[in-house]
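First comes the structure, then the notes that go with it.
Labels run A, B, C and D following the written order; every chain starts at residue 1.
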C-alpha cells in the first residue's frame, strides 16, 4: 500500500452547496492513482464550513466511492472541546470510514493545556472512539505531543494507527519514529522538508498538492521505497516545484487549486466564505505558470 | 467610567453544570468594584465548553445581575467559520448584553486568511450584528489586524466600539491608538506589559487577575488617569505580582483562580474537562504564596 | 546623579581621521546636560573601526573633557577572546576613565559558551581589570547572563558597579534588579520599552538618541524620580518620538544622527566604512521630519 | 573532487601553544580520506584565540602538509571591520592557501548593515584580495545575503569561487543554487538538514564531525553523486548519528572532539580559554556512547 495521502478538497457548487457529483468525480480521480484520501479536513477540505449534515453526507459519499479501493479517512477539524472531538469521531465511525484524524485540542487564546490535560483529552476522546484514529503533532497550535506522551497514548489506546507530524523538526521526527516503530505509521505533512522526512523515518506524507497530481505524490514514495535515487530526485523535484506553485497561487487552502482544476476540465468547484478564489489576473498568471511546470496529471 | 475589565470565570458545580448562584455571586462581587465584565470568554470563561443553551443562560444571568450597574459584554470564543461568528453575536444581542467581543476567525492549520478574506469575514459577520462589537488583534493566531485595516473596518462598521490588542508590540499599539482616536476605545490584554501600554495609548486593559482583585485593577487605571505616579507604581507593582502569582499557579485558564476563590470562601466553582485544577500540593503552595502576596480583596 | 546615559558618537573628519576638536565639542555639549557618557562603543561610537592608538586617543580626550564633570566610561566593543577583553579594560584603566563596559564574549558561529565557560571568561577578564566595570546581558548574542550567574559574579568581583540589560524581558529585569539591589546599578538599553523598564526596576537607561537631545533623556529619568506623572508622560512621549525618528533615519549606528548634527551646526562629523550616511534625499526627508518633531535641543 | 569539507580543529599543547606536530598529523589524517580542509575557523579551529603570528604559522603548515593533495583553505573568523577582513585575506594569500572563507561583517549590537553597506564591505574587501574567496550566508548574524546580492557580487568579483549557506532554508538554498549555477559551488554547513540540502542544490557540505570521521563525510557525498540510495541512506544515517553524538558531547567547538581524538590515540590536543573540555564524567559517558555508535574511523 502506498503511503502517499491526498488531503482532498471539497467541491461546492455555484450556490455553495456540497457538489456531490463533482466530489465523487474528484475522489475517483484520486483513487485511480492509488493514493490514500483524507476528506473534510479543515484546510483543503474546508471542513469548518460543513454543518453536521453536510459533513455526514461527505463522509457517506467518500465511503461509497473509495472504501475498499484506497484507504479513506476523515480529515479532521481542530476541536475546541472534548465533546466536539467525540462527536466528530463518532460521525466518522458511523459513516464507515477506515480511520479518522484527531487533531490536538485547540484551546485558542487560553494558552496550551497542561500535560495532564492533554492526556485527559486523548483519554476521554479515544475512550469513546469506535474507529481507528490518526493523531498528530501540531506545534503551530502552541504545544505539541512529546514522543514519550505519544508512547503512553499508543500503549493505552489501540485505536491509534498512525501519527502525523506537522512540526518539521528532524530530531522530533526521529524520536517519534522510534516510539512508533512496529506499532503505528508515521506521516509528515507537506512537501517542504520531504527529503529530510524520508531520510529520518517518515513512512509517508500528506499533501494538498496531491489534489492536482496524485500520481506524482505516489511516485515519490515508491521511488524512495525502491531505492531509486535518480527517479526519486527527479520526481521529488517535480513535486517540490508543484508545491512552490501551489504556495504561490493561493496555498493549500484551495484558492488556486479549485480554479485550476476547473480550468483543466477537472472537478474543482467553488470555495465557501470567507475564502476568496484568485482574481482573474492571478488565475491567468497561475495558468501560465502551470503550463511552464510541465507536470502531467 | 473605569476602563478596567475583568474576564470573568464561569463557576460550575460539582456535577459540572453551570452554577447559577455562584455565578451571580461572583458577578456581583466584580460589580461592587466598578469593573467592567466580559462573560463566557474561551479562556477564563471556559466558553468552548458551553453548549448554546448554557451560553444563553450565562448571558441572561449576566444581564440580569450587571446591566446598568457596570458594562457587561460577551467575552467571545474564537470562531472557526463566518456562520458560527454570526450566531455568537446574535446570541449576545438577543440576551441584551452591552456589547460582544468578536475574535478574528481561527483558520486552524489552513494558514492565515488573505487580507481580502479577513475583510470579508468582518463585513459578513458585522453586517448581521445588532449589538456593539469589540474586535481584537491576536497575532498569536498567525495573523493580526493591520492598523489601516482597522481604520477601514471602523469606517464601514459603526457597531465597532473598541479594539483589543493582544500583541504587545508598542509600535502597533501606537498606530492602533491613532486610528481609533475619538472613534473607539483601545484596550490591551493582560498585565505583562501594562506600563508600556498605558504610556503608548491604551485606554484600559482586560485581565483574568481581576477575578481575584477587581478593585486593584480599577485602582491602577484610576491612578494613571489622575496622574498619581507614586500610587500608580505601588498599585501596578501589586497587580504585577498578582499576575506572576496567577501565571505560576494555573494561569489565566482558572486552574488556580477557582480553587483560590473557593478557599477564600468566595464563589469559584469547578472546572470543565479537559482542564484540571491544581493538585492538593500545588494548592497548598498557592495558598501560602497568596498570603505572602498580602493583597486585600 | 542622573542615571541617564548617552552612547556617544565618535566624530571623524573628512579624511576619516578622529576629529578631536569635534569630539571635544560634542562631549562638552553632552556634559552640559548632566548626562553620563559612554565613548567608543561599537554601535554609535564606531568602536570596531578604531585601532588601538585611536581608541586610546579617544579615551584620553574624553577623560580630559568630562572627568569630574559627568561620569565618563569606555563604551565597550564585543570581544572575541579573553585576551582582547583584557586589553580593552586595561586601556580604559590606563586612560583614567571612570568605568568600562565589558560585553559578553562573542563566540560568533561557534554557538554559545557553556555556563562554566561564561564564568571563566568573566573571572579571567575581571581578575586583570583595574577599573570599575559594567557588565551586560545581550541575549541577541545567542546567550545571556542568568540572574543567579550575575549574583555569583557580583559576589566575586567587586569591580562590577552596574549591569546593563539589553534583552527587554520584564521578568528578567525584575530578577536582575533583585540580584543587584544595594550592590550595583541596573540600566536598560534603549527607549523602546522604557516605561516598562522604569516600572520594573531599572535605575536608568542608555541611548544613542541622547546624542541629539541629552537634556530630554535626563528629564525623563528626573520626572520618574520626582513622581511627576504628567511630566514623565510628556517627556517620555517626546523621547519615544525621537527614538522612532532615529530608527527611521539611519538607526543608532549614526547614519542619520551625524548628518543631522552637522545640519544643525553641531559637531557630528563623518562615518567610517562600511557605514554609509543617508542619501541627500533621505537627509532632506529627515530634516523635514526633525522640524515636525519640534524637540528643543 | 569530493565536495565534502572538514572544518579542522587546531591542536594546542599542554601549555596552550600551537602544537605543530599534532596539527600536521591531524591534517595528514584528514587528507588521507580525500576531504577538503578549512583551517583556523573561529568555531572548530578556535581562530579567535590565534594571534597573527600563530595564524600565519598555522596557515604555513597547512599549506605545507596539504597543498596539492587536497584543497586547503583559510577557515575564516567573523571580522568586525573592513580592515581586519582585508588583513585576514592577505594573510591567507601570503601563505599560499588555495582559498579563504570570508564571513559577513559582524556589526555586533549595532544591528545589521544596510544593503549598500553590505555591498561596500564586500567590494572593499574583495578588491584587496589576491586569493580565491568563499563567501557565506549566516542569517544567525542578524542578516544574510539575498540571492540577488550574491548574483551581483559574483558578477563583480571573479575571486568568489563558492558560497556557503548556514541558514537551512530550502527556498533560499534553491535560489542560491540557481544564482551560482555554472559559476560557483554551493555548500551547506552541517549535517542537520543534509538530505534536504543535497536534494535542493548543495554541491557539498562542511562539518566539524569530519574531524572524527572524514571518510564517512566523503562517502555520503559520493553515494549521492553515484545515485546509490541504499548506500546514501546507510552512510547518511551513520553521519547523522555521529552529529547528534558530537552535539551531545561538547558540540562543534571541540570540547569533546579533541578529548575523544586523544582517547583514541589520535592527535587532538587541548582547548584554549575560555573553552573548557568535558569533565571526566562526561568524557566517560562520551567514550561509552562512541563505542555504541560503532563508526569505523
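Everything that follows uses one rule, which is that contacts are C-beta pairs under 8 Å (C-beta built on N, C-alpha and C of every residue); 3 or more make two chains touch, one makes a residue touch a chain.
Computed from a predicted model, the values in this text were never measured in an experiment.
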item	value
Reaching chain C from chain A through chains that touch each other, fewest steps	2
Homomeric contact chain A-chain D: same or different residue positions, threshold half	same
Chain centre separation in whole Å, for chain D relative to chain C (CA means)	34
Approximate Å spacing (C-alpha centroids) for the pair chain B, chain D	52
Chain B and chain C, separation of their C-alpha mean positions in angstrom	40
Sites on chain A at which at least two other chains make contact	none
Pairwise touch network: line, ring, star, complete, or other	ring
Touching pairs among all chains present in the structure	A-B, A-D, B-C, C-D
In the complex with chain C, residue positions of chain B that touch it	170-171, 192-193, 195-196, 198-200, 224, 227-230, 232-233, 236-237, 240, 244
Chain D-touching residues of chain C, taken from the complex the two chains share	42-44, 48-49, 51, 77-78, 80-83, 103, 105-111, 113-114, 116-118, 120-121, 124, 138, 140-142, 166, 251-253, 255, 273-276
